[in-house]
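Take a look at the structures below.
Next come two complexes, and both contain chain A; in the first it sits with chain B, in the second with chain C.
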Partner chain A sequence: MRTIVVSVAVALTAGAAFAQQKSAADGIAEYRKMLEDGNPADLFEAKGEELWTQKRGPKGASLQACDLGKGPGVVKGAFVELPRYFADTGRVQDLESRLVTCMEALQGFNGAEIAKTAFGRGEQANVTALATYVAAASRGLRFNLPQAHAEERRSYEIGKRVFFFRGGPYDFSCASCHGEDGKRIRLQDLPNLTKNPGDGVGFAAWPAYRVSNGQMWSMQLRLNDCYRQQRFPYPGFGSEATIAVSTYMGVNAKGAESIAPAIKR
Partner chain B sequence: MKLYLLPAVAAALAVAGCATTPSPAELDRQAVAVMKSSFRDQGIAKVDRLNQDAGQQACSAPTPPSAEVAKQIEAASLASVKPPASGQYIGDWREGEKLAQNGRGMTWTDPSAEPKDNGANCYNCHQIDKKEISFGTIGPSLWNYGKLRGVRNPADPASAAMVQYTWGKLWNSKAYAACSNMPRFGHLGLLNEQQLRDVMALLLDPRSPVNQ
Partner chain C sequence: MADPMRIRAQAAGDKTTVRVLMSHEMETGQRKDSAGKTIPAWFIQEVTATHNGKPVLSAQWGPAVSKNPFLQFTIKGAKAGDKVAVNWIDNKGDKRTDEATVS
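Entry: the complex of A and B
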């Protein structure tokens, strides 16, 4: 018995470093799997649904007449076709900037004020909950961003250039980390976002609940923190660069299944 | 921004051909304007960080710049490398390991842009000491860096070329690869000379755990 224990211990020690290294990503995936049954994103989804139907704002109206691209009030399927061009605003919008447009037009909120509000605060927290609700309604659907309008095609082309734009004290662009297959920062796997990275990866995973900080992160916040780590200045909420780079990632993800709202480490 | 036009894209543009489709050069201009209008100052991260130098501009496309442009960037970068004022290239590998582990610095949440507030970020992208299993893979493994290059004594004149190359790579990585993913730690003042010497020791000191 003792011999067996000892030899097992030796084998474990010898293989430990390698096994540990190889299984780190698997371990995280397993951890996520365990958490999936109780994804706290569900709470934000429920809050978002309530906010969607509630009469709110200076005009005391709900968002049920909000057009997210598939007609007023249509929520299911809207997420996997955003960003897209909206004739009423004359520009390409992502989910969050479109929600703010609706909050302004239908409910009478000040859109510029919301855009200036920090993530997780006031009406900005409500935008995140609403985005979580809208994304959840497209869970299991596949990305299929429209590219029929000239502005949508322009947004893609601008987004590609934004993605590869190098600058700042570290000379980083989005492509520095997300331009090749199979790369990592520390143990974090990095999706290659210059093409379809696969079902439920990258653009198809956000909004997501982050276990490490207990926060619900929208795509705008995901991009915001990427730019922070890229050592860039601060991207405006709903700014054209963030929307264009979302168009680029969304079009590249054509056919990928959405798992948003996902759960992340 | 570099002009890039794949044959397929060119064909698609020719077919689309409508007046509303901007040319690639026009899109390049628009993209720079979009970048400038989309960001604002926050803490130490000011919008002037978006003013690209020639190298950043040349390396901002899906395809690398021409060999000629790459050579120019590499020559200018090599000329920017400053050897240590003291002539001493090797510091303390223990301090180097701490710097290699430290991924902080230069973000809008960091207190200052001074080297004292900056890590060297090495493990984010490189394997270095094999005992550290949490390492990135964007850059090559640096395990046994000095040993594999035959550096038995960094002070030996026989090691001078490798020591100077490594200093140059840390000072301005673009000296050896125009579009290297690695930051220019010396050239852009991210690390001071002492910090660079310590990272040098981690890689080249025969006593460093990296070279065991």
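Entry: the complex of A and C
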């Protein structure tokens, strides 16, 4: 009789511990759900939409003739097929570097100048808003990055090597945190980016609005901050390495549903 | 001129839920910039809402409200096609009014 009582008590304790562990992740999920309804990313999406049609820059042109990979002016569905190879620039480009190319070619902005600008300032803030608008037009669609061109396959391979490349004072790589299931940073669960992490997770969630600092974060800024946390030198905006890592994550996420622009804690 | 608000008004029976997302910095006046200088306070001070021109809500806000604030309230007796307008004035005197149709 006594043994039965003991085993029941053990089962209860284990149950309580499990419930507590679950409630931490559940709590965050609940918090996100509550915020989802009034996602301020909507404000950036509206701003981006306005910037897309507005005549701007030294050439006084809109971006409506911009080719994001699905033909000039086609916005819907472009996000879930980027990064991809563009024949006119002769390289693989992600959404943001492609937007800068369009701003340079159509509107006459200085692309190198934009790349040097800090995130959230001047034209760089406009690039983020435009990226939010383009991403939002593909909400609910599934990732399907092209890998037909040799350059696209090369970008994937480079991305894979960059992802696993260890360095910096912590001897970290992207794979240190994102290479297996069940890892977390503080209370946030980290997605395993070496495979498809699921709908709306990882590559399928950015650009996203960060509630904690009230900023809209693009993929380039997300990667930039990942490298800061690894204590690596900051990668250049729209550099081949960042685009390659994006290609690697994007191809891995094939079939995942895009929820971008998402909301983050 | 301030950026536009996003207003959604959804009727369900007698009650209409209005959800407003405002674009505003909402500086508290407590923060310092990288040079150590205080960033001056800049926040929405007064919010009013009207239903077909008739006032239904008025609120006084302060620096405790978050950046890009979200406001939700319910009004009674609104029907689809009615107009709901929201207006805010900040402490610098900048203002913004946007209107939405109840659906």
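Basically, the second predicted complex is superposed on the first by the 244 of 265 C-alpha atoms of A that agree within 3 Å, B and C clash if a C-alpha of one lies under 4 Å from a C-alpha of the other, contacts with A are read in each partner's own complex, and residues count from 1 in each chain.
Just so we're on the same page, a contact is a pair of C-beta atoms (placed from the backbone, for glycine too) under 8 Å apart; a residue touches a chain by one contact, two chains touch by 3 or more.
This structure is a prediction, so every number in the text was calculated from the model and none was measured.
Could you check whether chain B and chain C clash or fit when both are placed on chain A?
Taken together on chain A, chain C would fit alongside chain B, as the superposition shows.
Determine, for the superposed model, which of the two partners chain B and chain C contacts more residues of chain A.
B
Between chain B (first) and chain C (second), which, if any, makes contact with A:Gln229: first, second, both or neither?
Only chain B is touched by A:Gln229; chain C is not.
Going by the contact rule set out at the top, does A:Gly168 touch chain B (first), chain C (second), both, or neither?
The first partner, chain B, only.
If we overlay the two complexes on their shared chain A, which of chain B and chain C does A:Gly38 touch? Say first, second, both or neither.
second
One more residue to check, A:Lys47. First (chain B), second (chain C), both or neither?
Second partner only.
Quick one: is A:Lys76 in contact with chain B, with chain C, with both, or with neither? Answer first, second, both or neither.
neither
Once the shared chain is lined up, is A:Gly214 touching chain B (first), chain C (second), both, or neither of them?
The second partner, chain C, only.
Least CA distance chain B-chain C after superposition, rounded to whole Å?
Scanning every C-alpha pair, the shortest chain B to chain C distance is 12 Å.
Identify the residues of chain A that lie in both the chain B contact region and the chain C contact region.
On chain A, the chain B and chain C contacts do not overlap at all.
Report the residues of chain B in contact with chain A in the complex, numbered from low to high.
Going through chain B, the ones touching chain A are 1, 18, 20-22, 24, 27-28, 30-32, 34-35, 37-42, 45-47, 49-52, 55-57, 59-62, 103, 106-109, 113, 123-125, 130-131, 133-138, 174, 181, 183-184, 188, 190.
Which positions of chain C touch chain A when the two form their complex?
Touching chain A from chain C are residues 3-4, 6, 19, 21, 23, 66-68, 70, 72.
Going by the contact rule at the top, pick out the chain A residues touching chain B in the complex.
17, 20-21, 24, 150, 153-154, 157-158, 160-162, 164-173, 175-177, 182-187, 190, 194, 227-229, 231-236, 239-242, 244
Along chain A, where are the residues that touch chain C in the complex?
37-40, 42-43, 46-47, 214
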